[in-house]
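What follows is a group of structures, each given as structure tokens.
You will see two complexes here that share chain A, one where it goes with chain B and one where it goes with chain C.
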Partner chain A sequence: MATTTKSGTDLDLIAHLLRRAGFGATRDELEEYASLGYDGALDRLFNMGDPEALPVDLIRRHQAEQSDNRIAPASGSHWMYRMATTKTPFEEKIALFWHRVFATGQTKLIQGKVMLSQIEMFRKYGLGSFRDLLIQLSRDPAMIVWLDNQDNHKDNINENYGREILELFAMGVGNYSEQDIKECSRAFTGWTIANMPYMSIRMRNNTLRPYGYVAWQYQYDPDDHDDGEKTFLGETGNFNGEDVIEIICKNPATANFVARHLYHYFQADEFPVPQWPFEEPKDPAAIQLMVDAYFANDYSIGAMLRALFESDIFKSEETRYARIKSPVELVVGTLRLAGGFDWPTQEIYKATAACNYMGQALLAPVSVEGWMGGGDWISTGSMVQRINFASGTVGDKNKKGIKAIVDGISERHPTGDVNAEDLVDDCLEFLGALQVGDDTREGLVVYAREQGEIDPRTDDGANKIVSMLQLIVSAREYQLV
Partner chain B sequence: MAEQREKVLVVVQLSGGNDYLNCIVPWEDPRYQDSRAAVRITEEEVIPLDNGLGLNPGMAAFKDLYDEGKVAIIHGIGYPTPSRSHFRSMDIWHTATPDRVGEQGWLGQAIRQMDPNGSNVVTAVNFGNALPRALAAPGVPVASVGDLDDYGLLTGMAGAAQREQALSAFSRIYTPGVGSGMVMDYLGQTGLDALKGADILKQAPAMYESTVEYPDTPIAKSLKGVAQVHMADLGTRVFYTVSGGWDTHTNEVALQRHLWEEVSTGLRAFFQDLEEHDLGPEVTVLVFSEFGRRVKDNGNGTDHGSGGVSFVIGDQVKGGHYSEYPSLDVGRLIEGDLAYNFDFRGLYTDLLEDWLNLDAQEIVGGNFEKISPFAGAVA
Partner chain C sequence: MTTKTGTSLELEYRDTNGFGAAQGGRGYYLPVDLAVRSDGRIYVLSRGDAVQGGNGIKITDIEHNWYDVISGRGRSPGEFISATAIVFDANDRIFMADEELNRITIFDADHSYVTHWGTQGSGDGEFDGPSGLAFDRDGNLLVVDDKNHRIQRYTPEGGYISSIGSHGSGDGEFNFPWGVTVAPDGNIYVADWRNDRIQRFTHDGEFIDAHGTTGLGENQFHRPSNTAVDTDGNIFVADWANQRVQVFDKSWNFQTSIRGAGELSVWAAEYIDANADEKEARSSFDPYPELDVEDPHEVSARTEPYFWDPVSLALFDDTRLLVLETGRHRFQVWEKV
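After this line comes the complex of A and B, so read on.
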């Protein structure tokens, strides 16, 4: 894709990094990160824990619609607000990554609190060792109830979690047998929810569905754990869940599977996951790079990603705009450009619903398979939603971020006359050093010419700038990251 | 009598695995009672049907349709070497390709046969948030509608004149250029189709009038949308919609009943609506799920199984039972699951050949036994 911004190469590269490891950047953010250089920007992204993050209870207090934690758009909005305002975007991006892989759905749980706790767990463990993450996941109350592990008993196993941890979470189809699934399920017997009988009764009174909205806590019940001998992936012993997880983690299939997921999410769109057993990775070198980092660093996810981000594979021109944005990436990125969310508002709630219509209901994936991503995001229906959301959001010139763009462009042209080419280039630059192809740029210039005289100091000029921003975020390039 | 239009297929997908045994219930069978000690539809709850079978108590409205002779129950439907993974099994149903990973949706291919040049971008309309793989085939446009009442492009542009200019700019910048690559081409074509589809579909709600009240459920809202677009006569031949939440590992009895209430009342309202407009004879509905569930319950729900049940519903359907209920004899189960005895690709062949008048072989990949659920020659 031809570069048509005025920005220097380094700025473009850092803009690329921020789109992938975050949700894009405003012009100001971009300059701030760029002043650190690429490695400095990377270090800063790896700094977790936004000290200014608004606590969940305050978010709830502020927004009536978001207070009802029983439905997904409400609790999803908590997270949406966090993503739209965070100072540590990589933390949210990695949480979003694990939410996609370990897809847990509030639709079954009717329980926002445990869902948000799961996301918080992803923030905390998402870049650490995969071993620790899987242990946390197996103890996560939302996951336990999502995949019925509270019904996985010593004398009557429920294979749901035992199957999915192998098939969908860690290894992928073809790397274990049906017998391994049974043995794995046995190892996770007794990994349950505290006081489940009481929770069931209480929650049944609240809703038709099983577990209502009282928060659950993990409990290990040794009496319901099958302590017998198990043979799992060729190893035999009286395995408990932790042992099984270690056996999973040291298996090369696991490293490959996790690397491929990371590649799919951070580097370039891969084949849909169900095709992985039948299709070679698109870039085996990139996978190997991450697999090596995985084994050299105690299964560290952070090390895998650092290796990727520091590689020429990631930095290359071909990698830029090579992925189709997920709905959440598109929505959050646009909200961050528009800015002005000092407090949670109705608009955040609507943005969460918009993601839903685009096919990515936050905290409510359709099934445990999560979202496939890539071309699956794009249909005529989702395109309508994507374009309308983005153009509608940047169309509000009272928004802090939009006002800043109009003011910035105005300052550049003190005499008050902006020609069509400059308008297009300025808008692209202020939207976070976006790059578009020559055809698109030409189309934008033609539209700018149709607007006649553009004086950014006037209301009419501001409206014209805003309409150009609306058109840019409707373009094909804005669908890519 | 309204003018006879082309035949229309409406697909209702039950995602998660509808439990066959507690949907079409062999309630008198002691083997059922034994296998389902905890997760059972009791004699008091069951809606008796015939042949020793009954319906889930949530299916009262469905029973009305059955009594009108509109419902074909297709027993024991499945495919060889069943997959118990939701994803894989749904993928198999979507692509009609059990033995390898299929690339194209069965309905996507059907739409291509109907409209090889993609000249009508609303030949297929999906009501839902994401496009099901069944409808996906390269170059086949499918309109995917979340909410029919608010459908159009660049609706957030301030002035009408500016929106007009922006829409024509949009159509210019989406026109695929030479050598811009596959992804850009795909985005371009999809964007242009969306623009065109929106212009067409926005007419539908305005033209719609009905006395039928649909229940306030997501599936009924989708079915109402189907009715609206169908009545607007826009040339749509395939509609698709999804009901989720059928993965009843836990609390199955209450959950499945609730889901069937939503689907059954939605379908009854839909057929009432069609009847009011004299449009019943041109519509057939297929209801399917990716698999049935395990014969023996797990104490509170059931795990993934194989052999399941599908339904074909419509005025031109010959109601009743098709194929056979698979045996519940322990020795005849496959890994604890019902053995399928009818290949779903046969049912697809019925629908493609005898309803939509297409060449099925190429789509389902061979010759499969049909069940012929339609009453004689389709009018």
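After this line comes the complex of A and C, so read on.
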């Protein structure tokens, strides 16, 4: 049975929305969003506002090495700060989504500045028209170098980017020919970066010498662009990159491909992407819903997601906890519950490293195909890491968020006696209205009973609450979103 | 009211000292402060990072000679985690602040560790993130207490004397202050970082005036980090987030602004000469490419000669201005003309 607020809003539904469109929520955040009603909560998520709970100038001053031009763990940590503290979590969630689809790796690029500029571009364009996003992506220096488009010349094409924009980024295998790849690549000749020879050598030599990394600048070289006639996906003309992108965007295969990715990330785990040419979508109705929104709204990603979130398909009970949390979702969600990143600190490295150990190194996806997700996230080793991180983080009762949970439970029981059932229910609610199965709840209640008398006003009581929180975040349900 | 005078002070680029040395050795990595010793040697506080290194107080001179490294990353006496500032006393002892360990470390003139002091907190004699150091004319140490938004005065041995300011934006109030400078006339200049202004106080801590508003124009600042003041009273401001240095006369009349013009230093040129592939590729390098961004931080990230996070300033012989850049691991030398 659903939990409702005083205003009658279904709190469990709001919690579901915030887990999918964000990284979960504290009890206070839940109440705040619930007070707006479901549609109001959606409006709040889509109208981003000021994200800067931890402004960038403070990070650059106090932890310069975690600023945006540094090496891999530091630049990943820079993004981790933003996700762990932002007031606009949907913006980070959509950036994380595109980082997975347009997987680009600092492992090759070496410098973090261009990677974080790409993430910033995802924040800015990630919910807009897919046309604009693909144009920005094609001009993005990190993507250009990641897929060697600086080596794509009018008299000697390099097909790497031309192939991947069709196969991995927009359409999927089976919707274009090898000739389309060549023509697409010709359209993107001349799309390069300034000072390409020197920047390429420095990247190859993996050196910040002599004066640190110089961030790359997109440059269009008309002399190196093949302006000849091309035939692409059945259309003929003197196409440049923008023309090719328009042809891609209006193709139904593109709408289906993007919708399936969104479904896989926001609705339920799908088949791994390489299987998509051979497996029908698990929920064709949900895909069609988003495809219709795509074509009715100038290829708008935001419109696709709005249509999904407003649908009964998304709101249904069956959808809840239907996905396995990615490592970043698990780590960031736990950090946001526990609090403690009001200030730039070196502690952030531990969170970034934890994601890495669980199989999702920020800014360093395993390949150009990105992370497969779903069951791939879970292995014996990663499960141990996930539980250790979550239980270790909520096990620190000095953290602001944990202290708030203890205080909140204490306020509910002013006489100091909490029975086992109430303790379990309170803890589940304060962890973001988490729902668990009957068997899990029974186990938690048995554990609570074994703790004996629980008075949250005392240190002993606080410790018992914290132990219960640790047990809950170690449960199967906490691994799901 | 400030106006530009007819006899403006100008600065001309002379030289660059530095080299990105993340793994240690000759050069700097993420330097945050510099100070000139009485004999002209230049001490650069290379904060480094937690992953690669490059941490220490690196010693050079105006002729690019390379001497020594003091200290390094660690929590033991004489080491640092997040060093922020260095300053010499009248006997060439070095005082170093660490905002992570909340302590002031002292080295003698021979670079040997002497002692350290400091307690984290917000009470008198405690600090939370010491970020700037300067000796007043009596030989007492001014410590910028960043997160408590104030300046504290101590004896060199750490005895608390007095405090200036509190959190706010009014006269004599601060918002995350950063660098502090004592001018030749004894007045105290504080980079009131998040209020985007410089505040000036008498030796006794009485408020004199404040200069600057938020912005990118003349007489405006964005997160100023430090100042230097010459014997004529001219004021040089490291306008950190605007990625420039602004110069004023002693009455805050705007004189000039510089954006940076760094070239290969002696050390950098030696490196390029020793790496044939990079030398060949650099021969076609355009250091000022056409950009599609306007934010000064982004512009500096893509333009090697420009200042990138100009964090600290020092005067050499009262004629040359040294501008230290955290992002480019070097300092540029500019001369008054």
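The definition used in the following text is that the second predicted complex is superposed on the first by the 443 of 481 C-alpha atoms of A that agree within 3 Å, B and C clash if a C-alpha of one lies under 4 Å from a C-alpha of the other, contacts with A are read in each partner's own complex, and residues count from 1 in each chain.
One rule holds in what follows: a residue touches a chain if its C-beta (ideal position, glycine included) is under 8 Å from a C-beta of that chain, and two chains touch if they have at least 3 such contacts.
Bear in mind the structure is a predicted one, so any value in this text is a computation, not a measurement.
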Is the number of chain A residues in contact higher for chain B or for chain C? B
Looking at A:Ala74, would you say it contacts chain B, chain C, both, or neither? Reply first, second, both or neither. second
By the touch definition at the top of the document, which applies to A:Val173: first (chain B), second (chain C), both, or neither? first
Chain A residues touched by both chain B and chain C? 208-210
Report the residues of chain A in contact with chain C in the complex, numbered from low to high. 57-58, 60-65, 67-71, 73-74, 113, 117, 194-195, 197-198, 200-202, 205, 207-212, 214-219, 346, 349
Which of the residues in chain A end up touching chain B in this complex? 107-108, 145, 147-148, 151, 153, 156, 158-160, 167, 173, 208-210, 273-275, 278, 322, 324, 356-359, 361, 366-369, 375-376, 378-385, 387-388, 391-393, 395, 437-440, 443-444, 446-447, 450-451, 463, 466-467, 470-471, 474-476, 479-480
The answer for chain B against chain A in the complex is residues 15-16, 85-88, 91, 100-101, 121, 126, 129-131, 141-147, 151-158, 162, 165-166, 169-170, 172-175, 177, 180, 183-184, 186-188, 190-191, 193-194, 197-198, 242, 244-245, 247, 249-251, 254-255, 258, 298-301, 303
Note: in the complex, chain C contacts chain A through residues 18-20, 22, 30, 32, 47-52, 81-82, 99-100, 129, 176, 178, 193-194, 223, 225, 241, 262, 264-265, 267-268, 271-272, 275, 277-278, 281-282, 284-286, 289-292, 298, 301-304, 308-309, 326-330
